[in-house]
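Structure first, then comments.
Should a chain be cited, it is by its letter among A, B, C, D and E, assigned in written order, with residues numbered from 1 in that chain.
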Amino acid sequence: MLSQIAFYLFGSISIICGLGVVSASNPIYVVLWLLGALIAISGIFFSAGAELLGALQLMVYVVAIAVFYILIITAVPWRKLHKNEQHNRLIGVAVLPFVAILYVEAFIVALSGVSLSKNKIIETITKNYGNASTIGIKLFSTYFWAFELMSVLLLISMIGAILLGRKEEKTYD
Amino acid sequence: MSIVALGIIIAIKVVVILAIILGIGAYLTLVERKVAAHIQRRPGPMVVGWHGLLQPLADGIKLLTKEDILPSSANFLLYNLAIVMALVPASLVFAVVPFGPEIHVFGYDIKPILTDVNIGIIMAFAFGSLAVYGVALSGWASNSKYALIGALRKAGIIISYEVVITFAALGPIMLAKSLSTYDIVMAQIHQKVWYIFLQPISFVVFVFALLAETGRVPFDIQEAEAELVTGFTVEYGGMKFGLFPLVEWYVEVLSLSSILTVLYLGGWSPINIPFVGFVDPFFFLGPWSGFIWFIIKVTILFLLVLWLHWTLPRYRIDQITTIAWKVMLPLALFNILITAFIAPLLRG
Amino acid sequence: MAYIGLLSLLAVMLGLSVILISLNWLLGPKKKEPYKTYPYECGVPLYDDTAQTTFHQGYYILGLLLLLFDIEVAYLFPWAVVYNFLGVFGFIEVFLFLVILTLGLVYAWKKEALDWQFDLESL
Amino acid sequence: MQASEKTLNEIKLRIPYVEVKKDKLISIVYVQKELLINTLKTIKEDFGFKLFIDHSVIDTLEAQNRFEAFYILYNVDTKERIVVKTKTEHSLPSIERLWFAGKWAERETYDMFGIHYEGHEHLVRAFMWDTYSYFPLRKDFPLQGYENVELPSLNETVFGDNLTGTMNYRRTHTYVPTLKDLEYTEKNRIKKKAQVVLNWGPLHPGTHGTMWFLFDLEGERVVQTDVILGQLHRGVEKLAEHEPYQQFLVYTDRMDYISALCSNQAWTVAVERLLGIEDIVPLKAKYIRTMMSELQRINSHLLWLGTYALDLGALTIFLYAFKEREKIMDIIEGITGARLTISYTRIGGVRMDLPEGALEVIESFIKFFPKELKDWEKILSRNRIWLKRNKDVGVLTKEDIFFYGLTGAVARGSGVFYDIRKLEPYDAYGMVDFDVPLGENGDCYDRYLVRVEEMRQSVRIIEQCVQKLKTMSKNEPFMAESQDPKKLRLTLDGIGLKVPAGEVYSSGENPRGELGFYINSKGGLKPYRVKIRPGSFYNLCVYPHLMENRYVADAVTILASLDPVVGEIDR
Amino acid sequence: MIKKVFEKPLNFLETILFLDFIKGMSITIRHAFTKTITTHYPYEKLTPPKRFRGFFGHKTVNGLEPQPVFDEWVDRMKIEPRPGKSRCVVCYLCKKACPVPDLFEIDGGKLENGKKVVSVFNMNLMLCTFCGLCVDACPVDCLFQSDIHETASFSRKDSILNLEKLEAIGKSWQDRREHEPDRIWIDDDARQALWRENKLNLKRVENA
């Protein structure tokens, strides 16, 4: 029951924050809303018992947003932004009915008896081994090819980031 | 365990952490001022109370009765939100710090840790890095160039040292085979060795990262007084101004020192002779000696930080990031490889 | 259940910070003077009217690299915990993983992406 | 040393259209305004007078060619100094291509006299704000200025002090800049190229005084820099024209207030040379002056070391340095009665003899001080952070030294042997033994090492002075020959003796570079024109050059290693 | 004559063992356990040296005037010396020696016997630079600078010294300090406490 309450709480927070992301006019607010949404999502992970995922979500995404933040401060042409502040705030209001519908649906689902706590497998695993070990063993035995591919992917993205981020490379186009 | 008892236990733990943050955090200002003063051959605060013992109180009252100024062209919401975002995550780190061994009171087994979870150490790092938002936001919201530069510098430090600190911490985690802070200490007690003896490289890297994340000398560039006046706090006044150093210099140093104690210094365990055992001069206190040891270790670390702070000059921002990526990170990676060789040798 | 403590601490700290901020407002004097709220820039007129402008930082690439390394760490945490179960196989696996990523680091180093990025010709 | 007869004759042979003049005090080359640049170029390149010392004009108030401009140059190899003079109505060709330091000197002259410089890239006022419309150093500008702004005193409004007579507080003042004026000045100085223009100063802890820097920032890197001076401008040169020689001594205290004694000494020596009484100043006075000004040099370098370390984050060194500085202050206070604005020297001697116990105290100080210095060096000199912050930051080559007219420890840090105490010994410097420390790379680190070594050499000098003074009896005179010591002081105050007509350029080696006084006397009680050559002013002129493409964090390192004092820059 | 300055670069061992940090830290910790060397200013005060150039005062006529200069000047200016009152002979030399205009306001009043006494002697210390040139100029050792150094006041009026104040300062000086020898400091013990490591080894002097 408690985890169910937590799920709905975090879920609605993340929805509200998500709405904030799309409706906010100031990029700084966008980032803050996004931060709220991601924290709420990690809250969902925690309430579902996926602690490692939750904590990593917190760590990785929070840092990611720090990067976004710096990007915004360093790259957004604030002067132009201040000139056309005619941002349509009504979008946020217009979205509200959809949210209401969504909630109604969610309640119907909840009442019909489908809930997360029924999923006993997750609970047993976490109780016996701990979240991290479970994931670790799975990752490094069953999915090790994916894991190695992941490293290549990371390498590629690293090279990509360096090539894109460096101004010097832009000179010959 | 009944709900009421659980509630009381949690309440007590929360109050203790609150006391650490506010009471000890405030009194550390006095400790810092005294240490700095004596290093510089001054007596430090001497007027309010015996040897200035009431000075933090007087400071607090002074800060609270200052005028609340919002700089023109600052963003009211973000300006105030920044303080909340600096204070809250930094204090949440204490939730995963085990202050001592399991104790037995009134028929209950109580672990002196607020949330004992499997992934405590990751949570500590996550909350620690969340604190950057307070600083970064304060710089942008107060709409002053000095504040902005200071905030961006802090962001730069966090960007560089966040990865270093996690890589450094991987060593002890590999040895302890657990992400839970409580279990890491227990592993050290079982293996009869503090990980500082097995992980000297990662310890040094961690200490540097600690100094960097908390903005202590030689990494105090975000408020480098000579260039940026006080950096991101330049537009803040009164208690708002007081909270930033409290968070950065005291709460964060304390929390990261606690984490460091947990990872490398065996948490609450007494003096260690590697692979032989522990020597406890406070054995007569029973399980309570653990708390004493924890406090002693954190105090020593804090004094070490102060000692460094009042001796060294400071780096430049580009040198800080370069050191992080070109020295610290390769060292930490190297350390992981070495640990991978020695970890199977340990029985735990 | 374990997180109730964390949540209560969160709530307490939120309340505390709000109280501390508003106490200042309640207790302090309120005196209006013309230049009191002027942003601090050494006591002279501002050249730019706002500080919220584009501001080039040299460590943007480092931020991206950090993101990638953080993801890498996210994989290494589970590995560190189960390292002893996996034996030599796990070691080789992660060794490869680390080597590939170290290659990335070396590449970044060679491309001078680890230094601060400043390109004055682009002004 | 003034340029010899031989050099002057060679110049005359080489450039036939000049006129040369030499007397005991000064060697002058007169040239037409149109041929000035060529002459200066020849003198610089062919005769080796590479180091720019000073330039300004004298307002002669004559109907034709009202302004007489002079350029003082120095040849480091042959140790000769030469003055080039020309006359003009209102404009001069700019020498900024020959010496960058000339650019600043020209800005100052434009500011103070309204001389227009043809070919000057950025001719803006040096000290006054850009909308100011007078030229204060012209002789027709009144000493008290034009009173046109009323400033009500807080004291009057709050406490109701209404004083009468000469005690009355004047409410009217000369024109003061408004915010609008300042904003105009600021925008006029620097055309924004990059993202943000940061006001660094005037009220900033890192600028060592009220200097106003404008940094055009691209991120944290400085693209261009400009300095707005004049926050502490008091018109000392104007005051000098209205004060008897002895009384002007008081104002030299307030120029470089950190090394007041050295400035006192430089001024006293300059006037003594003009009077021709340098030789009759008693030996005791000379030794006392030398000893005291070396103490002051240590004092000044300690302040520099402390603030330098403070700027780079090592706060403790600041207090350690101040601990020793306090001891010097105690000594100086005991001997002269003041700690900061000392006014101890007098023309012809010193104000008072040393009191009892002074030599013992100084001896005890210099015995202990080197140990303490060694301790600080252990903290700093080989610290990796200190090295990282200082090495290869703010590099100055030998050519830069000449081009920018740098002197003092900045010149010596780049390996230029330029120390007035050796080149042109005054007081007892010719009689004591000491070394001149020279650096090699000319970066901030070398300047740091040079200054630290200078402190050691000062200790050596003081030691020798103390030994010498110990052999002198209490009854030996400390003022130039006169029955009643007070009388000579008074006569020099202007009641009796008058100073002969003539001109002299005399300089002293201040801790912040060469402090020179060009005195032009037309006879009588007061000088006609005094041009002060402040070491800090010319040392600062290299700052924008050094700050190109450096980080904001280097701003403090470079500035502190140049070690300017605003009192001396602005005068 | 010339001394090249240089420092050895850090060697490998020093780099990895952080010997440079440790050296510095050993010095700071040593300082931390030595005694402090400060004066607790408003609670403890040092005695300024006798030559200290503080607030001005007028010495009073007490039979210790510099002779024969004093008598000469008294005769020349036709002054009536009054015991216990200022020695001033209204010669205006201090005003002449002063680099600041309008700092002094001096006037002599005529007595019934045709002799003069100083009646007005105001010093506007807001303009004063405490350079001591006026003290040098005083021919009869009347104007002097005392050891009063706490000169701040809340009102402009308080920074103007008139004749009464000057005489009061002079009298108190003559009671307290006049007899002291011309010595660098008077309070040797307090100074030694501040200098601590330095041994001053000054000769003891008994106050006369």
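Basically, contacts are C-beta pairs under 8 Å (C-beta built on N, C-alpha and C of every residue); 3 or more make two chains touch, one makes a residue touch a chain.
In this text, all values refer to a predicted model and were calculated from it rather than measured experimentally.
Steps from subunit B to subunit D, taking the shortest chain of touch contacts, total 1. The chains in contact with subunit A and with subunit D alike are B, C. Taking the CA centroid of subunit E as reference, the farthest chain centroid is that of A. Chain pairs D-E and C-D differ in how many C-beta pairs they share in contact, with the greater number at D-E. In terms of their C-alpha centroids, the spacing between subunit B and subunit C amounts to 16 Å. For the pair subunit A and subunit B, the distance between C-alpha centroids works out to 27 Å. Here the CA centre of subunit A is 72 Å from the CA centre of subunit E. In whole angstrom, the spacing between the mean C-alpha positions of subunit B and subunit E is 52.
Multi-chain contact residues, meaning those touching two or more other chains, occur in subunit A at positions 52, 56, 59, 63, 66-67, 70, 73-74, 130, 132. Residue positions 3, 41, 48, 50-59, 63, 65-66, 70, 73, 77, 81-82, 94, 108 of subunit C are each in touch with at least two other chains.
Annotation for subunit E: residues 21, 24, 27-28, 31, 37 touch two or more other chains. Contact annotation for chain pairs lists A-B, A-C, B-C, B-D, B-E, C-D, D-E, with touch applied as defined. For subunit D in complex with subunit E, the touching residues are 153, 155-156, 159, 161, 163, 165-167, 169, 243, 246-251, 253-254, 316, 320, 323, 326-327, 330-331, 333-338, 341, 343, 346, 351-352, 355-358, 360-361, 364-365, 367-368, 375, 378-384, 387, 417, 422, 435-440, 446, 449-450, 452-453, 457, 486, 489-490, 493-495. By the touch criterion stated above, subunit C contacts subunit D in their complex at residues 41-48, 51, 53-58, 118, 120, 123.
By the touch criterion given at the top, residues 28, 32, 35, 51-52, 54-56, 58-59, 62-63, 66-67, 69-70, 73-74, 126, 130-132 of subunit A touch subunit B in their complex. Across the complex, subunit D meets subunit C through its residues 179, 182-183, 186-187, 190, 192-204, 212, 214, 217-221, 223, 549. For subunit B in complex with subunit D, the residues that touch the partner chain are 36, 39-42, 145-146, 149, 152-153, 217-218, 220-221, 224-229, 310-319.
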